[in-house]
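Data first, discussion second: the structure below is written as structure tokens.
In this document, chain identifiers A, B, C and D correspond to the written order of the chains, with residue numbering beginning at 1 in each.
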Amino acid sequence: MINILFFARLQEEAGRESLHVEKAGYTIRELKEWLDEEYRLTGLNRTMTARNEEFTNDDAVIADGDTIAFIPPVSGG
Amino acid sequence: MINILFFARLQEEAGRESLHVEKAGYTIRELKEWLDEEYRLTGLNRTMTARNEEFTNDDAVIADGDTIAFIPPVSGG
Amino acid sequence: MALFEITSEPIAADTVAGKVKRPEAGAVVTFSGTVREWTNGRRTLKLEYEAYRSMAVKQMERIGQEVQDRWPDTRTAITHRVGELHITETAVVIAVSSPHRRSAYEANEYIIERIKELVPIWKKEYWEDGTAWVGDQLETHPYSKGGPPLYD
Amino acid sequence: MALFEITSEPIAADTVAGKVKRPEAGAVVTFSGTVREWTNGRRTLKLEYEAYRSMAVKQMERIGQEVQDRWPDTRTAITHRVGELHITETAVVIAVSSPHRRSAYEANEYIIERIKELVPIWKKEYWEDGTAWVGDQLETHPYSKGGPPLYD
């Protein structure tokens, strides 16, 4: 199982803060494609990804127990 | 009558905060020379001068009622 | 006393500055980011800040480490607020102390730039005529035009 | 509420910053000059600040005007303390607000430079091994090497 977190606009679009799915072994790119099909989340290609609270890239492979967070462009400060 | 103000080291050297003297008509330069002779104040040549709370220069002529302040190098902040 | 914090309470800049004061430091530079009413002629009524809290703290610590590497004589504290904020309220306070002032100014300005690149905090604008998550529109600053660096 | 003040009481940076907050400003940069214990390997025990108070306020107002001319969208407040100050106590607070942060940083740094040139305030150092009025020795910065501009 992996844990997926949504924030800001993505959270509103997904209608949820998180999702638990059996996607260990997927790359981030494959996970994005799956989410796009399944949940019709727009703009995932403009979204950064964090794995276990560190930024990562689309080629990273997800391990069982990972927390994957989609980070829309930040606007703090 | 003019009013002379001393600060910081000059105040310690002069042993006083102010001095009232009949020196209207003097230039700042002449006043410095007079103070140097009369009070043995050192380093007046390294001292800025303010007349009525605005910086002025050695050629300025002092008018009756003026307040002349000697401003050693400042070190606020 | 945490140097890097996310809070839902109002922030007092003096509290953040107090964390970096020390006998070796002669300068403390503090930046407060406050909620502005007008942006490009559009009126903001309020803002809502949301954070990925645990990661936001980690990223602020990372920025603190970058600052330590570049300006070794500085000490840094950052507090960012989340939740609903009204006009003139403080969203973020950055405090940097240093023995001499130059590095405190430089490091402080560096930090706010990095926060805007790296720290997972989002701002939703409530205008008179609508709402939007700031930064999350193609016309503003999509990541393709210079987002945060990638870490593997 | 005076924007430019000399006080013999402790200064709270938040009080000075509060004077420049306003709905148009999204940034407040605050500089606090604090009493440092060590300077060039010499230990300071305490400082004493003396001011030509009325002129000091006038000169701070002049600096405020210069800043207004150069960065028209800023608002500035300065408070300088006088009397006896101990290690880590705050001698001066400069607060600048602006709609966008760049001018607040720039103006703030300009102001501290100008204070050190123009404002009649003097600092007496009490070291472990003696005392001296700072700046008032030939080896530091006599006016001949770049003091305040002259006004007629």
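Assume a residue touches a chain if its C-beta (ideal position, glycine included) is under 8 Å from a C-beta of that chain, and two chains touch if they have at least 3 such contacts.
This structure is a prediction, so every number in the text was calculated from the model and none was measured.
Visitor: Taking each chain's centre as the mean of its C-alpha atoms, give the chain farthest from chain C.
Guide: Measuring from the centre of chain C, the most distant chain centre belongs to B.
Visitor: Compute the distance, rounded to whole Å, between the mean C-alpha positions of chain B and chain C.
Guide: 49
Visitor: Please tell me the distance, in whole Å, between the geometric centres of chain A and chain B computed from their C-alpha atoms.
Guide: Their C-alpha centroids are separated by 73 Å.
Visitor: Chain B to chain D: how many Å between their CA centres?
Guide: The mean C-alpha positions of chain B and chain D differ by 24 Å.
Visitor: What are the residue numbers in chain A that touch two or more other chains?
Guide: Residues of chain A touching two or more partner chains: there are none.
Visitor: Using the touch rule from the top of the page, what residues of chain C touch 2 or more other chains?
Guide: 33, 112
Visitor: Run through the chains and report each pair that touches.
Guide: A-C, B-D, C-D
Visitor: Within the complex, which stretch of chain A touches chain C?
Guide: 5, 7-9, 43, 46-48, 50, 53-57, 60, 69, 71-77
Visitor: Any idea which chain C residues touch chain D in the complex?
Guide: Residue positions touching the partner: 12-14, 17, 21-38, 87-88, 97, 99, 101, 104-105, 108-109, 112.
Visitor: Which residues of chain C touch chain A in the complex?
Guide: On the chain C side, the touching residues are 33, 49-52, 54-56, 58, 80, 91-92, 112, 115-124, 133-136, 138, 140-144, 147-152.
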